[in-house]
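Here come two complexes built around chain A, the first alongside chain B, the second alongside chain C.
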Partner chain A sequence: MKIAVWLGRRLIAIVLQLLIISFLTFSLLFLMPGSPEQILIGPNPATAEQLESIRERYGLNEPFLAQYADWLGAAVHLDFGTSIANGEEVSSLLIERSGVTVSLAIYAIVLLLLLAVPLGLVAGARAGGTADRVISAVTTMLVSAPAFATGLLLLYVFGVVLRWFPIFGFGSGFTDVVWHLTLPAATLAIAVIALIVRQTRAVAATIVRSDYVLFGRARGVAPWTIWTRYLLRGSSMPLVTSMGLVLGFFLTGTVVVERLFSIPGLGSLLINAVSTKDLPVVQGATILVSFFVLLANLLADASHLAVDPRVRKAVLA
Partner chain B sequence: MKQTRRSRMLCAAAAALVLAAGCSSRPATEEPVDAGGSGVPLFVPAGAGSDEQIDLVTWGILGGVPSVDPARSTAVSALAVIATILEPLVKVNGRGELEPSLAESYEQVDPTTIDITIRGDVTFWDGSPLTAEDAAYSIERMAGPGSVNAGLFGAFESAEVTGDRTLRITLKEPSRDFLYVLCRAVVVQKAFTEAAGEGFGSSAGGVMGTGAYRLDSYSPETGATLVRYDGYWGEAPSAETFEIKVFNDAQALRLALQTGEIDGANMPPLTIPPAEADSWAGPDVTVAFSQGTGTWYLAMDTQQPPFDDLHVRRALASIVDREGIIQVTDGEYGDPMTALTLPPLWTGFVDDPAEIDAILAGLSPLPPYDLDAAAEELAQSAYPDGFSTTVVVPHEANPNMTTVMEVISEAGREVGIDIEVKRVSLAEWSATGTPGQNPPLSLSGQSPTAATPLGSVLQLLRPSPSRWTNYNTPSIDEAIDRYQVAESNDEIIAAAEDVLNELNEQLPLIPIKVNHIGFAYRNEFVVAEDVGQWTIPGSNNWAAAIKPAAG
Partner chain C sequence: MSTGLQTRPARQSSALVVLALAFACLVAGLCVVSFVGLGLDPQTQRLLEARQPPTPGHWLGTDLVGRDVLARVVHGASVTVIGPAAVALGAVAIAVPLALVAAERGGVVDAVVMRTSDTLLALPSILVIIVIAGLFGGGYWLAAAVLVFLIVPSGLRIARSVALGQKNLPYQEAARLIGASTPRRMFVHTLPNLLPTIVATLLLDFVAALVALSSLSFLGLGAPPGSTDWGTMLAENLRLIEQNPWACLAPAVMLVLTAYSATTIGDWLHLRLEGRRG
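And then the complex of A and B:
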């Protein structure tokens, strides 16, 4: 029952946060100089009738609050309208693009965990040793490089020189998508690898010096068990919390990677929509991305509750 | 005018990432047919193609395809797809001359009446025949207030069906450019378009046209897959499938071309300095440039101080270092402009390229780059101590604009002209030049609306809700009127010279440079027709001209 109350509160908070975000986004876009019809007409000569016709079609002559109320009224029914730039249903655009971005983010998380956790455990277990210093130096160097530079390097080495992976697009079918997303996902993972490595290392270094590990070793517990049951499980707690933030970063921070690898995801959709002041698309994409981030944080917190009885007791008390 | 501010220069976001890769040799362009100062040819001759049938050609373009509805698309990337699948009644050939396309014939009955007879052998992709009703509907729709292209059709009054295969177009006033503007009115099927409603041209709604390729699938972010239409009335293209892939990053586009993931690409000269074109060429890739008509110029509101003073305008013209600007933005692929017209705009009226050069050379000269002369002009103006002004540039969307303005600004400081170059977003930049916000000075770029000598100029002088230069004199109006109704090429040329001479003397607009047009393709392919400004990849039915190389 208590868990249901906690969950209910969190969901209500998410709804309120989305409401605030939608209003702020709408306001900022409304205040932004320029208008969609001007951008739509592009380089062509414009007539007053033409401008008026386009404004009328998209309800742009309505007062600010009326426009927002119209949008909100439709949005609660999951109708996000149509794109001013191309007439596409915003809902369809969001479904199509979010599939791409979520796939990329999940793949990047998998790569990150496969790379960062073992490296962090090794560095923590060998704290102060050569392995620790090498791992720390390399990961710090990687995280210092901007994503576009890392991506371009990966693209050139593995796409152009070695030709192991395609250098653009999303692909079709599971295997093809994995093949296409490997370089972009690696680019994303590299951007935060140092964070996870250092976090895992810090926890692992503490655990490896703890009495219960020492006692376990003295009892003759197998090294594999020490690594997996003691170090890995002990390190998982902060990792779970971090993963919520990292997933949020991956969902919102894919713009550069999407552009570089010509991947049609939410990031590129949002950037294009902002530059053309395509209000329905910006609103829809912002709400969806915000929802993903808030949901990722909720899942991280819920996971924390599930795996740590101390936290569960404190939160649900 | 704001319409010219939001120019084709902004068709895509700028790419600032450069990774030195590939061959750095001079692109293997064919011998120039005619050379300007840069050596960029007026036309690139057709390559020798074979008749071999192939399964697939993949072509890369920079920037998404917002819509394939011709009435809601202005992006160059969108036009590349539209021009492949939809056809106009009349088109411009490689030499800038009008010729029938879906029209069997057309006749200018009088200065405001055009009769058109459509071909009888054309069918839409669904097999239904093209009718005069479809043609008239397409023109009315393109010129209607709901169309983003309506402003181009300012002279258009009506399109009336006069028979099964005939229609009559009536103009509000004589317009020399109208038949060229009509080339933009690609034909769509009326019944399909009305049934699709707001979804027409979207990925779900699609389009129904008559082109050599039909639209099989399309996405704004990834591009389009086109399949050969077997019932096409003209010559069948070589490739069964033609895929147009969207890239958002110019370097990724270049690498995809060099690795063979795509077979060709439209060069993005508007966002990447042509000076970097050499890095696109290589042992497997040919890069070709032909003379373009994308013009860069400074525009002044001649009703606002200080630009209501001719001495100020002359001083400003004298601080424009065209060679310096071209050196940093275009390298060997740029040419300075001597007037707001360019050789490709004259080829339909003057046969001999040398004669075109002679006409342009005979125009009133622009003030050359000369800081001493600028200081002298300023001393004679109402602002002998100099003046300050601001120019906004959409830096992120087009960093080249910033570069050009910085060069001019730097020279201005030497003589007391303080130009602040303010970097703004594309949206904010688009908002300038609207009614009531006419900027006193602005840097602009645009492409001509017609392949006519004044095709770049008339839209800048035509009255509109947001007229930039506010330049309006009886003499120029008289010359334009004469130009619109002239019947012989000699009369057209004479009237055009009068307009251009006055503009060069009074300087409401200061021409800077021209953007040439580039494309790149792998050597397994050729473009099997002359490639010039009017037939570059992206113009009418261009994909059908991509063929396997002979031998």
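And then the complex of A and C:
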């Protein structure tokens, strides 16, 4: 019951945040340089009749708030109008592109966990040792640098020199797509690897000196079991909450990575739309990405509640 | 039992700090060189010598239209670094006084400042500057101006909490007793104690701004085409990666090392200054 109340509150908060975001993105039409009619027609010169028909079609003669209400009503039904550049439905463009971006983000999370958790365990088990220092220095370097620069280094080493992976495009068929998305996903993953390594390291450093690990060793539990059952399981809890944060970063960081590897996702859609001042596409993509980010945060909090009874008690009390 | 020491991030080795300082000096030197000129020629196009790998005449080869990559990387230092430095200075100049006032006044003032900053902090900043810089056509400096406000909140939070910690210390009371005015107490007595925080914030803000502005240039929405901004260079030379990889590797390496050096120096200075304070 309390879960439902908590969830309801969070959903209301998301709806309110989306309302604010939608109002701001709607206002772009009036804030951008140039008249709204001309923006919606595009760069070509327009006749008086065309301007009038645009005004009619978008209801530009109505008061501002009425226009917002109409636009919002359509947006709720995923109708963001048509692209100025090519006349396609914005919603179908968004659906077509989000599949690519979402699979990239999910793949990046898988790679992140595969890379960061073992490194964090190694660093934490021998805190202060050489491995710890090297891991800390390298991950700090990766987290502070811009993702497109580290991505380019990956692209050069694994794509150009070693030729293990393709350097651009999306591919077709499952294995081909995975093959194409490996370097982009790795670029996203290493951009936030320090966060997960530090967390895993802190937990592992605490667990490794705990009584139950000591007793486990004393009773002769195999080292492998200690690493997987004791350290790995103990470190996994804090990871769940960071996943929301990480997913949020991936969904915005993908803008740069998609450009670097020429992947036709939401990010490159947004960049093209912004460069050609294709406002309906910009509005749709902004709202969709914001919605994904908010949803990722909610999922993170909900899964935290699900796995940790202590948090559940504290939040729901 | 864990002792606090083991869970702290690994100690930085002093060799890394020295390397970071050396690299920062190198970048500063390159900035001076790019201002003075020194026979640099980053713009001359030699179409007959285009797309060449490194040669004795061009140590890092040439780009698509035959411009010397080494000269462009050197010239790009100031172009790439000055914007982020200005953003970091601007953000700190706004964040610190606001933090002092919020901590001093408390109540409604504090609440308004902090809720506004929380709201800004929740925005995905890269999306915001992409949309604004792209649609409003103001380019690099408009994006930098917007970025100042998006970067203020993170430093503001830290500075405010440090300022709050100073509020009830004996020296504050002493200053009050000898009749120091509130502004004098805030800026002459409290401010120097915020110095470690300010220095660290300045460098971290610089890194955040470097990442944001160079990403924007990489996307073609920041520095104008043909600029020697390292982000722009990387994007424009991407299609040369087979013929002259150095044309895009060099700016990438410079960006990675600049960001890493600033982070390392920031952490190191913060630990040192904090330590001295006790």
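Note that the second predicted complex is superposed on the first by the 280 of 317 C-alpha atoms of A that agree within 3 Å, B and C clash if a C-alpha of one lies under 4 Å from a C-alpha of the other, contacts with A are read in each partner's own complex, and residues count from 1 in each chain.
Note that a contact is a pair of C-beta atoms (placed from the backbone, for glycine too) under 8 Å apart; a residue touches a chain by one contact, two chains touch by 3 or more.
What you see is a predicted model, and the numbers here were worked out from it, not measured in a lab.
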item: First, second, both or neither for A:R57, with chain B first and chain C second; value: first
item: Contacts of A:V160 with chain B and chain C, given as first, second, both or neither; value: both
item: Touched partner set for A:Y212, first chain B, second chain C, both or neither; value: neither
item: First, second, both or neither for A:L260, with chain B first and chain C second; value: both
item: Chain B versus chain C as contact partner of A:S275, first or second or both or neither; value: both
item: First (chain B), second (chain C), both or neither touched by A:Q38; value: first
item: Contacts of A:L28 with chain B and chain C, given as first, second, both or neither; value: second
item: First, second, both or neither for A:A137, with chain B first and chain C second; value: second
item: Touching both chain B and chain C, residues of chain A; value: 32-33, 148-149, 152, 155-156, 160, 167, 259-260, 271, 274-275, 277
item: Residues of chain C touching chain A in the complex; value: 1-2, 5-7, 9-13, 16, 122, 124, 126-127, 130-131, 134-137, 207, 210-211, 214-215, 218-221, 231, 234-235, 238, 241-242, 245, 248-249, 251-253, 255-256, 259-260, 262-264
item: Complex contacts: residues of chain A adjacent to chain C; value: 17, 25, 28, 31-33, 123, 127-128, 132-133, 135-137, 140-141, 144-150, 152-153, 155-156, 160, 167, 198, 202, 205-206, 209-210, 248, 252-253, 255-256, 259-260, 270-271, 274-275, 277, 279, 282, 286, 289-290, 293
item: Partner chain A, residues of chain B touching it in the complex; value: 1-4, 6-8, 13, 17, 19, 21, 64, 66-67, 69, 72, 74-75, 145-152, 154, 198-205, 219-222, 245-249, 251-252, 255-256, 258-259, 261, 397, 424-431, 434, 446-447, 449, 459, 462, 464-466
item: Footprint of chain B on chain A - complex, ascending; value: 32-35, 38-54, 57, 82, 85-89, 92, 96-97, 148-149, 152, 155-156, 159-160, 163, 166-170, 258-262, 264, 268-269, 271-272, 274-277
